[in-house]
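Chain nomenclature is as follows: A, B, C, D and E, assigned in order of appearance, with residue numbering initiated at 1 for each chain independently.
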Amino acid sequence: MTEALDTEETARLRRARAERIGRWLMPALTIVAALVIWDRIVVWNQIPHYILPGPGLVAQTLVKDWAILGPATWVTLKIAMMALSVAVIGGVGLAVIFSLSRWAEMSFYPFAVVLQVTPVVAIAPLIFIYVENRTVGLLLCAWIVAFFPILSNTSLGLRSVDRNLADLYHIYGASRWQRLIHLQLPSALPYFLGGLRIAGGLSLIGAVVAEYVAGTAGIGTGLAFRILEAGYRLNIPRMFAALALIAALGVLIFAVLSLISHLALRHWHESALKRES
Amino acid sequence: MTEALDTEETARLRRARAERIGRWLMPALTIVAALVIWDRIVVWNQIPHYILPGPGLVAQTLVKDWAILGPATWVTLKIAMMALSVAVIGGVGLAVIFSLSRWAEMSFYPFAVVLQVTPVVAIAPLIFIYVENRTVGLLLCAWIVAFFPILSNTSLGLRSVDRNLADLYHIYGASRWQRLIHLQLPSALPYFLGGLRIAGGLSLIGAVVAEYVAGTAGIGTGLAFRILEAGYRLNIPRMFAALALIAALGVLIFAVLSLISHLALRHWHESALKRES
Amino acid sequence: MRMDGVGKVFAGGVTALSGMNLRVATGEFVSLLGPSGCGKSTALRLIAGLMQPTTGKVSWQGKHDSGDLGVVFQEPTLMPWATVEKNVWLPLRLRGESLPDARPRIAQALEMVGLGSFANAYPRELSGGMKMRVSIARALVTQPRLILMDEPFAALDEITRNKMNDDLLALRDRLGCTVIFVTHSVFESVYLSDRIVVMAPRPGRVAEELTVPAPRRDEEFRTSADYAAQCRAVSAALSRATGDA
Amino acid sequence: MRMDGVGKVFAGGVTALSGMNLRVATGEFVSLLGPSGCGKSTALRLIAGLMQPTTGKVSWQGKHDSGDLGVVFQEPTLMPWATVEKNVWLPLRLRGESLPDARPRIAQALEMVGLGSFANAYPRELSGGMKMRVSIARALVTQPRLILMDEPFAALDEITRNKMNDDLLALRDRLGCTVIFVTHSVFESVYLSDRIVVMAPRPGRVAEELTVPAPRRDEEFRTSADYAAQCRAVSAALSRATGDA
Amino acid sequence: QTAVSFGTNWVAQGEHGGYYQAVEDGSYKECGLDVTIVPGGPQVNNRAMMLAGKIDFNMAGNLLSTFNAAAEGVPVVAVAATFQKEPQVFLTHPGKGKTFDDLKKLKIYVSDEGFASYYLWMKSAHGFTDEQREVYTFNMAPFIADENTAIQGYVSSEPLMVQKEAGWTPDSLLLADAGYGTYSTLIETMADTVATRPEVVQCFVDGSAKGWYNYLYGDASKADARIKADNPEITDEQLAFAREQMKAYGIVDSGDALEKGIGVMTKEHIDGFFKDMAEAGAISPDLDYSKAYTLDFVGKGVGMEMKK
């Protein structure tokens, strides 16, 4: 019996250790594997570099064209971060307003949906006719792309308050505002953070789309233009290098947001708690 | 005392009735108000119809061009619905796989993020070199746009299982699969439905983007091409009519998904319960 | 406080209460006693104003101000994202008191429920009884003039429970507050209350009311023959009420 | 089942148990009694295999098969999205039984806890005590050979509670099952158990063990002088254990 | 000096050389204009900016957009046609596209804009089909990958790109040679401008013509430098190639322009193209497009003397 348990225990410890290492190793290995497969596919099928360059060539191009791509990455990251901030403010703000007033919600939620589904490409010219400031217009475009998940998830979260807690606040005479700040917002946090993780990627897409429809005059050239241009010029290795940078930015943003989310929730929410073993 | 209470009671009933009516009236009124404001802005600023047509002209065009726009709407709706189905299957499927295996999650989540942030416009040509079937390629493009919110929210939901319930399942010797079906999926339902509402709009965007990058040969022309064409032909009223149709589709999809969500959750989840008055 | 012919029918069609009459005078300690599911919690929620009765009225004589109310629900109802200290702070916080200002009183309330050293724990790190005690500390931290409690001591062991009973009585003597108390324990109800309202189920209603005459409530009372006799009387009333159903 | 020198330290650094030894024989009815927060629930979870002890071992003599286990946690732990009937169905469902097949037994279990007419209600429509009873029905529906219960009857009134006590004893006589039972009530523990393990807090450990010799457990036993004497003995042990802390 | 702005249809490139030259060599300044060139881009809609009054002149794609404006009652007027021929070509793999009809056997990558304009004509005049068209999103890789495809392009850009990247020279079929008789790269402005500030329009048209002569036949280095400043990515080789091709195919200076100067338009030419497009169903045959263009500012031989 004791024997059996000891092996069990050792197995458990071994598994825990494996997981700790695997947490970093596995993604790294998978990425390496993906790169190798990509490389082999390109080599074995003799795919020419102007259709699908191999990872080596993309890496080389990345280094070679860093002078062009580096600043572009920075510009795109900057726009994406601004867009995300605006999306957070706008999304949470709207969700709060909607939760404070059912009238506002009933009346304006449809408009939020309309904004979400409106093709930015189609209305961008209109925006730029009336919005003088290019940066503002740019952020507006990116915001339209990214705000909805935050609004939608935060709204859901604000409505998912524990009923008994809501009653408690009612009894203690909490004002609408106190209820919002002390009860609804913390309850909505896990949902909001989930929306934030979605919006992180979308804000990057928003930055790309916004640059695509509006250019980035005054802030420098971003990755979107580099991709289009490289594609247009058949400089496909550079196009892929730029795409790789976007992908890397996306993963980076996601990782940072996941970390924030973990730190914010680890004390209390199921999704972030470590299981007691 | 009795007097005071009676007035209170009447006030409460009045409020309830007002809300019941307002639920439909308010959005209707707001939309009418928005249309009137739009109309007045156009008239007072004498904005020419080729920059921003008034709502009346758009409505006229909608009727006049229905023979063109109606079928296009149908095509776009079809693609959007297919994309949404694929996004649901793909998003939930991935979330389930990730929840079943932490290794899979650690290894492949980054790829999901990469897919989310990759500009479809840039990789569409590549997709169409290797994907022979046009419809498949089209759906692939739309899927890339729409799947992530479902994956992300469902993942979050699958992880937000009540700890005591999870323990209970463990004790009763539930298999991994039973735990998934009977415990994790129902727990994730509110999160999933939240993701679905976001993905509903995105699938419409996905359909537009997919048509834009891939055309819809074989299925007929969708709204995306109609918008581009109308823009190119300076037929701005028709462009706005098509945009209005997209907006209407978006609101429709959202309303249907909200209804589904309400029906699925009304028996038990806070977000959908009516408050006991 | 008076309830006149109060009835409550839930959306599902369950009649939780029907024609319930109750009068509670200021400074009184009233226990609601009755079988599980007979509508005690529902009555308490109606009194707290959390629901509107379907029929009848709940009315208050004189002012009743939310700052002067303390409640303990049947479930601990703690905010999972806040530490024990912050949870207890809640009623004070809603009145605008800052944490440093409130801290001495929070500490005192936690001390009273024996959780002085758990101020910085999160609710999920507490045992069931400890959560309930935090909830009690939260209700008492404002030293309210009206206390509504729904089986607050059910999850506590006898010794802690007795201590809390005495603490509650002491508090009540000091503040002269009104207490409406739901309990399952005949002993507890007799020990604590001026009056015991025995409820009968399906539909929930008042079956009997018994006054508990007792000059002092202390260890002596608890071991007195009088106490035992009253407990028996209440037990009998309870089984009559249950049998009625 | 035996626990040898079991200790449990939580991630936060709280030592919930330390050097706890316990032996439970097949067919025995053992109660864990102790002040709130002394580690009773933690001990039960260790026994159920939901946690691994930090030190020491929990070991089982002979097979223990998940199908043969019934548990009631301190909280009702119902699935909010399922009706009462479906909640009770759970253990059977996990063994692959279809709802129509299982229905008679579910109905019987619900009848036993007095909720026969609530099969189609959702958990949120139930009172606190009713939820707990659903949880009890769920634990007993499989007629398990090992039952772990964490204060199952705390939320019930005396009359229901007595009835459930008797039902539990009857079930146990019929199936000869092992029961490990956490309770706060001295009376209940004496009435039900073969052996009472009194635990002391901070850190949680076994303070005393008392065997309860009683030939038959029925109304007669409950009113006997022997019963009263044993209750007093257990009470005394409990206050010693609490005083230790 | 009057400040005016001119929106082009793409990022700065050789096809815009004449305008840059005019800015550099003072042709605009001579008659009192201070011209700012606003480059276009993939999605930059300079036409909308002109309609909204944010810029003064715009580079229109071809006559079809002029007709469209007339059809929608948009007060835009074409005042000059810089390119006498549409420089649009179809590229094929070597040997696959000897004649225009050979294209019918291939998949053709056409942008949405092309699909809404010249492809209509290709369908009616040459029997192309919707099914063979693939969407072109300005990435030529799919074309290079599949030898049974053709792709749209500018005679002055894409052939060189393919040659450089793929290592072979594609066949180019000029749309204009197949009978697509539109002018291209027109200068357009609002009717209001024509009516109230004709001297500005005249100056811009004349200056542009001079700029183009100078760019094609003179020293283009300053304009090229300016183009490279606006678009650092472009290479001297590309600029030289564009210039060569424009000359070789007579894009700017051919036909009527040889006698009446760069920018010339004639009523016969426009009417002829209109008839073709009406037949193609791209435009209503009853359209009155007479107000959509004016011949007042062209055909005066301005700058012809600069041609060596």
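Here, a contact is a pair of C-beta atoms (placed from the backbone, for glycine too) under 8 Å apart; a residue touches a chain by one contact, two chains touch by 3 or more.
The model shown is predicted, which means the values in this text are computed figures rather than measured ones.
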Report task. Treat each pair of touching chains as one step and give the shortest count from chain A to chain E. Result -> 1
Query raised in the report: Counting only C-alpha atoms to place each centre, which chain is farthest from chain C?
Result: E
Query raised in the report: Using mean CA coordinates as chain centres, what's the chain A-chain D distance in Å?
Result: 47
Query raised in the report: For chain C and chain D, what's the span in angstrom between their mean Cα positions?
Result: 26
**Report entry** For chain A paired with chain B, centre-to-centre distance based on mean C-alpha positions, whole Å
**Finding:** 18
**Report entry** Inter-chain centre distance, chain C versus chain E - centres from mean C-alpha coordinates, in Å
**Finding:** 85
Query - Contacts with two or more other chains, residues of chain C listed in rising order - result: 10, 75
Query raised in the report: Counting only residues that touch at least 2 other chains, which ones in chain E make the list?
Result: 45, 48, 52, 137, 139, 141-142, 145
Report summary line: Multi-partner residues in chain A (2 or more other chains touched) are 51, 121, 126, 129, 162, 212, 228, 231, 239, 269, 273
**Report entry** Footprint of chain B on chain D - complex, ascending
**Finding:** 45, 48-50, 65-67, 69, 71, 73, 75, 77, 79-82, 90-91, 93-94, 122-124
Requested in this report: Under the touch definition given earlier, write down the residues of chain B that touch chain D in their complex.
Outcome: 162, 164-165, 167-174, 178, 182-183, 186, 189, 267-269, 273
Query - chain E residues touching chain A - in the complex, by the definition given at the top - result: 11, 41-45, 48-49, 52, 54, 137-142, 144-145, 161-162, 164-166, 233
Query - In the complex, chain B residues that touch chain A - result: 19, 22-23, 26-27, 29-31, 34, 51-52, 102-103, 106-111, 113-114, 116-119, 121-123, 125-126, 129, 148-149, 152-153, 156, 159-163, 190-191, 194-195, 197-198, 201-202, 204-205, 208-209, 212, 224, 227, 231, 239, 243, 246-247, 249-251, 254, 269-271, 273
**Report entry** chain E contact footprint on chain A (complex, rising order)
**Finding:** 48, 50-51, 121, 124-126, 128-129, 212-215, 225, 228-229, 231-236, 239
